[in-house]
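Worksheet: one structure, shown below.
In this document, chain identifiers A, B, C and D correspond to the written order of the chains, with residue numbering beginning at 1 in each.
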């Protein structure tokens, strides 16, 4: 059985979206900047796509929609574009500690250029406290950036509350909606957001296009310089087929959102119930399934085994998942999100991210539960930590028995032996 | 699953899926457990040594696919060697025998070398009468 | 008859390229960062595309190829990425006066951040003198940026000579090959280029992907911050289908380059010969067709009439062209390229850019010549300038008769009447 | 060409392609030629005036599509008006009659207004006995 549980990384294109894109490759291949019929034809198509994007997030006007190449570029444009535009007003930014690297690293870049940045902490479930945001704001603050839903642990943030206070203070609020758009209702006006980013590739649209919503109350300058495309906010030849496809994907996502979300919520419950009943010493990271968690995401830590081995074994069983474990990322550092929720290092190691999509079935979920239970058993049999836990040498973080030292203490002991 | 697309080559995948010498040795003559501070992997190798030669080697590994494959391969390679030969064992042998590892995963083979050396040292400590090779670290 | 003579703005996708892209939309939809089979499959495809790009420009290794979203982003990355990476060494850049806005405006942005920039002039044909580049270099110079072929007037620049001197001085050379790639041979090693940018949408590949070649001798840092894609040089989810298609388009362009270029050269000659024999007071901007001009481009100024009207009339006749005339661009400023070659304002006004492609035919060219001659006659009949020229009130710039004042003097006189 | 995709609306395109009143008037009673410094357009309007009323109006224009359409429309609109009425003529009439112009092209209609006013002033200058309207600029 083949089961795709990595919808956070990729979604297949909807066939009808592909059909809509087709003519823009071969036939309507014009450049929207051209003044002749070939250009004007695709210009119309971009306007339509802008309207579709605006509708998905309840923007007032399609003129508030700017196209970029992906969510990362949109995040860079939101953060740096607002920072540069307001340089004279102040050089202080407020972000949460669990923003996506596209925000965090943009902020770090600005710090090198003389900006100051406050990173607001999150609680053990990954939720931002609006009062912490408020406390971080200074007279020099020119942007508050918080994500709607965390990409790793699925926590839904209290955006409207944050929007109310940034609105009162007249500070632009940027909300990264990459993980929520297409799955949760987004109303930029109700949120009090001045900037919002998302990309269609997260909801069955094409790669190669990102969206930045920006309303008049937030000044912004371009960060990719060149021609006067996108109202001078984003230079470069527009990726017309992807924009057209993205627009349709947004329209369809809007129309099917409640069914898709309800379907995902059912599977999310079935999957988590199955896993926790079959596998001891397993923990859900982030909020419990329910109003504080996006219905597509489960982030689990399975104790005494490491994440990549789980991922590889699942892949061999035909199940595609992601891992936030340190050995998987190229940096060998534990995910900053797991660090921010204070997750024990031992649990961060055995971390898996499972993200559901509209086409997953109950049978698939049951297969995943069975396969995963089998894989955990096999990997624990191979793990010296499991053995040592059973012998009472080390203890469990998830369900402490009171016997033995902590995994981390043990790991430190054995790691001390040799330096390399 | 299509065979064409795996993170590691066939040999590594085979040693990950069907690890050789997985487990512990009862009454082992030497046991080494080491960890990599950077990535958190932990590897344990137990040895059965008879007349200065490694008769059996087993591993347990908490770590990624290449860590498991590296320890599986290391135990395969080391069986039958003398203690002296084993002290000269280098992680490059593991990498070569596995047909290569991605650059960011070379440290897994280093960990296997270290676990082996730790087990050998454990043996030497327990058996001070055994002839110590000159190259022991 | 429908004739597309705006290949500088857009080219239709090759059907075989479209076929190659297809599976990556619906089936192989994975994210190359994923560690499971879906990710690994597309990762392989990216490596292949990198190799195809490397081959087109004779790069030593595919590891020197980075994917971006378009030529503009590649230019921004080359200019700012090198400038930031070498900030401590010096803050001086050398560019030519006729670079594309993606370079010029990147440089202007850096100037606001404290960099100094020298703009090397061009001659009346738009050619850069290597000795001028040499003279502009200071001990603080960390980048020299010159384009291979000018996008407006088709001038081919003496890159190898410039590369020799930057090589001697150990200064990275960035060559914008957006207008030449796929049409002229590019050998980054023979050029002495450390960075080269181009995009497949200029040679029958897809929009949504740009290429930056960079060799080890040029340090560069990322300008879009986020994940560790593209070796940490470009964050963001890769546009896999476009990269795959772009790679194939590059391979095909390499294989067919000499035929395509020879075909374009024949049509270029036929078109220019036709136009100048049928239309009086018409001028070619940039070098004569031949070794100094790309065979796809003609940039013409037709005296006494303005560009947009020509463009519109041609469009109605089914002929798609571009214009560098001031009234056409959104900025109402004359193209900086035409200004740099010292083109009389009157001629800059009546400017058209015709760019040939592999599918244009001789019959099309003849139709264009006929149509254009008819349109010029009609527009001149409407133009007060033509009338005043015939009456000897104003003179021609192209073929002065010695009678009357200059067009510009006259325009100034009548413009002085009212301020608005 | 497909009708669906044109830079300007149907009315503007029609006036561009089939301009009304294009040309010069022999023995015109007033001629105005104006230029826009910003974009380089030049527009010339000639008027035939009889008994204080514009009997005929013609234009010549060096400029973009909307400049040509604006002058064509302006001459259409102005014919038959009295001098006094004509002095009150505003570019907005041109924009409205054309069914709108893109924002960056509004200045073309302003130029048409200016050319007309210049022609009227020329008439007034040549005919100082003609009654001058109070609103003349």
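The rule we apply is simple: contacts are C-beta pairs under 8 Å (C-beta built on N, C-alpha and C of every residue); 3 or more make two chains touch, one makes a residue touch a chain.
The structure presented is a predicted model; accordingly, all values stated were derived computationally and were not measured.
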| item | value |
| --- | --- |
| Shared chain contacts [chain C and chain D, defined touch] | A |
| Chain located farthest away, centre of chain D as origin (C-alpha) | B |
| Chain pair, A-D or A-B, that carries the greater number of C-beta contacts | A-B |
| Inter-chain centre distance, chain A versus chain D - centres from mean C-alpha coordinates, in Å | 58 |
| Rounded Å distance between chain B and chain D, as computed from the means of their C-alpha atoms | 91 |
| Whole-Å gap separating chain A and chain C, where each centre is the average of the chain's CA atoms | 37 |
| Inter-centroid spacing, chain B versus chain A (mean Cα positions, whole Å) | 38 |
| Shared interface positions of chain C, touching two or more other chains | 35, 37, 308, 312, 315, 328, 330 |
| Residues within chain D bordering two or more other chains | 1, 6-7 |
| Chain B contact footprint on chain C (complex, rising order) | 35, 37, 40-41, 44 |
| Residue ranges of chain A touching chain B (in the complex, touch as defined) | 2, 304-309, 312-313, 315-318, 325-328, 330, 332, 345-346, 349, 381-385, 387, 410-415, 417-418, 420 |
| Residue ranges of chain A in contact with chain C within the complex | 4, 6, 9-13, 15, 18, 21, 25-27, 29-31, 33-39, 68-73, 75-76, 100-102, 105-106, 108-109, 113, 199, 201, 206-210, 223-228, 235-242, 308, 311-312, 314-315, 320-323, 328-331 |
| Residues of chain B defined as touching chain A within the complex | 1, 6-7, 13, 16-17, 19, 22, 24, 33-44, 60-65, 67-68, 104, 107, 110, 114, 117-118 |
| Chain B residues touching chain C - in the complex, by the definition given at the top | 1-2, 4-7 |
